[in-house]
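Okay, so chain A shows up in both of these, paired with chain B first and chain C after.
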Partner chain A sequence: MSRPTSRPAIIRALLKKELTAYSRDLVFLGLTLVVLIAAPFLFHALPDSVDESITLGVYPAIPEMIGDAREALAEMGATEEQLAELDDIDLAAGEEGLELIEFESEERLRGVIEGSLELWRTESGEMVYRDKEAGDKKPEDAERVEPDIGVAFPSDFIAGVAAGKDDLTVTVYSQAGIGEEIQTAMKSFVREAAYQIAGRELPVGMPDEDTIVLGDDRMGDQVTMQERMRPLLLFMVLLMETFSMASLVSTEVLQRTVTAVLVTPAKVGDFLAAKTIFGTLMSLSQALIILVFIGGVTSANWSLILAVLVMGAIMFTGIALFVGAAGKDFMGQLFYAMLFTIPLLIPAISVMFPGSAAPWVKALPSYPIIKVLVETTAYGGTWGDAWGSLAYAALWLVVLYFAGLFALKRKVETL
Partner chain B sequence: MTGPAISVENLRFSYGDLEAVKDISFEVQPGEILGFLGPNGAGKSTTIKMLTGQLTPKSGVARVLGIDVSTDDPELQARIGVCFEEKNLYLNMSAKENLDFYASLFGIKEPDSVEVLRRVGLADRAKDRVKTFSKGMRQRMMISRAFINKPDVLFLDEPTDGLDPVTSASIRKTIREEAERGAAVLLTTHDMFEADELSDRVAFINEGQIVALDTAENLKLKYGTRSVKVRLRDGDGVREEVLPLDGDGSSAKLAELAASPDLMTIHTEEATLDQIFIQLTGRGLEG
Partner chain C sequence: MSLSRIWKVLRKDLALGPRSSIFLWAIVLPFALTLILQVAFGSLFDPKPRLGIVDDGDSSITAAIGDMDGIEFTLLDDAGEMKAQVEANDLDAGLILPQGFDEAVRNGDRPALQFFVGGESYASNRIILTVTAIDLIREIEGSEAPVTVDVVSFGEAGLPMSRRLIPVIVFYALAMAGLFVPGSNLVEEKEQGTLMSLLVTPVKASEVLIAKWLLGVVLSVVLASASLALNGAFGANWAQVLVVILVAGALSSVLGILAGVYAKDSSIMFAIVKGSGIFLFAPTLFYIFPEWPQWIAKIFPLYWIIEPIWQVSVMGEGLGTVWVELVVALGITAALGAAAWWLAKRMQAQMAGQ
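Coming up: the complex of A and B.
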């Protein structure tokens, strides 16, 4: 005859069984391995730097613009010394990452920007236009030049600015996909160019630089694609484990093996504790394995990352318990898993497009987790920066975990 | 311990408005096998669920090994073994892994799982996953799991349901061995043959109530009628006559038929539990 055993011993036995059952589920084991292998591979395949250069198309060519202005300025009384200063004008001077492409006509500038015309640079540096619709062939040994934005100055721009005219119109062309902040920056650049030419502050208000920097100012140190993907990959691991855990729970419920467990000294609390510990450990350990391969953990941020991953793992375990209890079969389980996980994935995807998170996205339970992960791994966030998000995440964690716990407890007790 | 292994007094349970168990009372002594005989939905499984702590009785008192089942005392679960009607085994685990796991829940450090499997004829399949087992093998696994902690009380819910005669006989033999060891056995079945062969006493349960409780022999004596079937040649055919032994004048008629040159065979007959159940409840056991 056996005697009642201790709760820790029972939970240990249940955990051992969970591990055995998990290792025998070839579908989820395979998917887990795929994620563990594919995530680092995908991460390292992504660019680890940001192309910070901007190619700017200009019309007319700078010498042409100066040539037209020289005569007018001389008539206005400009000295030879002042006229000689015009030769020193360099619009791209001091603008790191700015490449100027001079165009022969505003029509060609516009055509290249809108894409109806192609511009190619040959090995000798010659610029060649290609009109695909007209049947032009692609030039050999040439690379395509694609200006992000084009600026067309009026022919009397320099003289007009120098004369203090305020009705000069500079046309800025941009591709439809160019962000508003780049367009604003270009407008600032045109004003700066005019300032250089006029040699004085123009009566035009310059935009406040702070307003065109979204998020933290990472000038010269922009967030790379890898950094953007890091939280998404970690989240994919948590999602994968949610499916696996939900599958284990629902199998236990549907095959009623849990009822066999509950006529032994094991209680419902032991069962739920084992599921929670196992689900959390599996999610957390895999997220940490991924982190080892994709980086982001430093001696300064490891404790914060560990804390937020533990919270994420418990939150997703709660969801897994709920899904496992609610799904009556595989399809039902898949439905509930999708119902929960797709909305939770949105914040991770929004990281791919900085500044795009809508207010409702910020209300999602996974948002604070993602936010802390991004701020910690990409922006050097600290505990002090993260406490607000952690508190919000903790609130959702309590709600989701106890909802899952309650659903499974109720299900088990009514089998 | 002294006294009954299972003691039930005025036990009731209902699922919403449906009263599944209505005021039942019975006792099972150590080493005794009590067969709960009744059709599906009669309340047999609900009674077992209450006695094993899966359901809380609405009223009444049930004690197993002297422990009130509604107290959620872990010692109760440590000393019972349960075989469910559904085959709730971990299919992706081997037979031995299944038994080792359950043994660990009982705190058994070094379970002799292979020996337990040997008792049910599965020792040679100990390392095979349960999902590769036939229905009969899974049922034997269920029985072996109920034995793993050498329980003082065994609850067996339809232990041979749907099995072939050979497997059924093997399982009955094992159950009898457990009773001989001293375990009290509460067995539910709707197989009157099984109840008759295996049970020391039989309880007829119908619509949540025990309608009769006694040894199978006493039930037959009390509710059945004894008779003799006589078969006689009748020209090219055969004629049968059934004579009640308890009726007036049957002895003289029997003597007359026994002396007949056309006599072929004489057989005594007794009522089956199935017939008695129908007599008492107005319905069959398969219903």
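Coming up: the complex of A and C.
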């Protein structure tokens, strides 16, 4: 006669069995390891900053242009006051996002835009030209500067515009691959500069900059590709675990080892509880490992991130139970797993795009989880901001988890 | 070798194939990928500044912006809705043109410009949209610009991302239909014991393999053609496109047969496909990133089938420009076919031993 075994002890024993089975499934173990290694590498290979500037090559240099204009206007009899106004001229004044590169000659500007010359900036800020075809070597400790577009002003541009000359021509050099919107904007930019120099005020009243920016102004502090990818990588881990867990469940169902488990003191409830705990712990622990490598956790947001990852792990475990119960063979189980998980990936992919997601994307079960992850890691979201999404996620979690639980329970009982 | 036996095995696979989940995936994937890559990722790689306009007075600015290729334009009815979209970063900027705006500009009344930018819009997009809008307003004013601006363009415009993604879509059609379907079909027959049953009939292992290979070729040709047609790349030179697809189908299917003969069960087959995935997929990345050193792509076996498809179907070249690639592809097919033949003999001997 043996003593009755407690439920926790049975579940513990089943968890041990799950771990052994998991470690023997070399295909998914290998793929899990690949994801765990590749995800942080991929994350760190992505750009950690956003280049929001248009790099504009200019000839001649602005001080040179102003110097020439000063001489010409003085010869034309301009007053000291009028000459002093030249000091205020800066073609890129107030234009954040426009990086000016000044060139020594129009030929060099043209050559760099055309691609026959390379332009490099040394650590000391010196600009070095490299003619690859002539055999010039790459300058040391220098970074390549590639202007998107170039503008060559005539040497008498400022004086000519101010004097009302009508035959002034500015040349915009551009690679054919540069977007039409940039070419058009540069033409408009040059024309507007000329209007301003000619003293012709804008035909509209411009609003104050503070009043025209809607929402938090993130210029210079944009969400980077790394930050956008973080939820997707975490989701990839949860997804991988869905495949792995579904494989474990379907193997157990197909090989009917579950019937062997049920002739022991373990009940169906213990079996389901062990599967749930194991699936949740495996996916959660892997997501946390990835999080350690890709960062994003702070003392302010760790509890919210943990909570939402727990919800995601349970949700995907529920799906794994459902898929595992439905799959008739390895390929069939794979098919079902893809069928369920690919739509759930869509919200994670949608956050890589600017703007809000389409209504049908918002309706997907994984959307609230992704939303909380993005808002928490990239926008400093708090529990107060997230409660609505968490409630919606909880609703889906209950539906998916119990659907999985019910499907597997029914399958086990019919074996 | 009997052609009639090969045909019978092929006919059986074609008849039973649609019951397989992998077969269904192979059919669905090109359509799903076209939708995902072209609709979604096309705009991710080639983002354009997005401007919303609320036009209460039929302004000429609205028509001019609508005609511009480089700006994604949305006409809205409600200023509140427009501001909400700008704030949510659904638009980079928004412009409200009240009734009589053009008239007021022409009359020199200097109406207040109601222009809004989103906090998350990029600085470059703000500049583009602001200066473009101001330039159009200057045009309404009717004043002549104090300067003429000439644009000098160099080189040729690069291909849009939607075209550069075509090799990725065709690759998946070839990999799923040519590689995964015949390979997993063979493995399933091994697992279920039907291969053993087949081999006790007069059918030889070589005939089974050729039938499976033909299954992969037929399916991959059909799905690669469908993928190209869906992406507008099955052009006027369709006969030449078919030739390069046929060679591609032959090579990808022989890879599938090789994997299928080698793999003992479905999980190993899956591991082979997943494990070799990046090695096979790599050449398609060089079409997305043309600035990478292109010679590296030639290291990967599927380059020799992707490049002819790219040149003939996307770039509209003739077979004469890709004959070297086609010869190399056929050479690889023959070498892999010989390897599959050798493995099949071993497999048959092992099965006979069982």
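In this text, the second predicted complex is superposed on the first by the 256 of 415 C-alpha atoms of A that agree within 3 Å, B and C clash if a C-alpha of one lies under 4 Å from a C-alpha of the other, contacts with A are read in each partner's own complex, and residues count from 1 in each chain.
We adopt the following convention: contacts are C-beta pairs under 8 Å (C-beta built on N, C-alpha and C of every residue); 3 or more make two chains touch, one makes a residue touch a chain.
Predicted model, so just to flag it, every value in this text is computed and none were measured.
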{"item": "Contact breadth on chain A, by residue count: chain C or chain B", "value": "C"}
{"item": "Which superposed partner A:A358 touches (first chain B, second chain C, both, neither)", "value": "neither"}
{"item": "Contacts of A:I10 with chain B and chain C, given as first, second, both or neither", "value": "first"}
{"item": "Contacts of A:A21 with chain B and chain C, given as first, second, both or neither", "value": "first"}
{"item": "First, second, both or neither for A:L168, with chain B first and chain C second", "value": "second"}
{"item": "Touching partner for A:V263 - first (chain B), second (chain C), both, neither", "value": "first"}
{"item": "Touching partner for A:A134 - first (chain B), second (chain C), both, neither", "value": "neither"}
{"item": "Set intersection of chain A contacts, chain C complex versus chain B complex", "value": "25"}
{"item": "Contact footprint of chain A on chain B as seen in their complex", "value": "52-54, 72, 74-75, 77-80, 82, 84, 86, 88-93, 97, 101-102, 104-108, 129, 145, 149-152"}
{"item": "Chain A - residues contacting chain B, complex", "value": "1-6, 9-10, 12-14, 16-17, 20-21, 24-25, 255-257, 259-267"}
{"item": "Interface residues, chain C side, partner chain A - complex", "value": "20-22, 24-25, 40, 43-44, 47-49, 68-71, 83, 86-91, 105, 108, 110-120, 122-128, 131-132, 134-135, 137-138, 140-141, 143, 145-158, 184, 188, 191, 265-268, 270-271, 274-275"}
{"item": "Of chain A, residues touching chain C in the complex", "value": "25-27, 30-31, 50, 52-54, 95-98, 110, 113-115, 157, 161, 164, 166, 168-177, 179-185, 187-192, 194-195, 197-198, 200-207, 212-220, 222-223, 247, 329-332, 334-336, 338, 349, 352-356"}
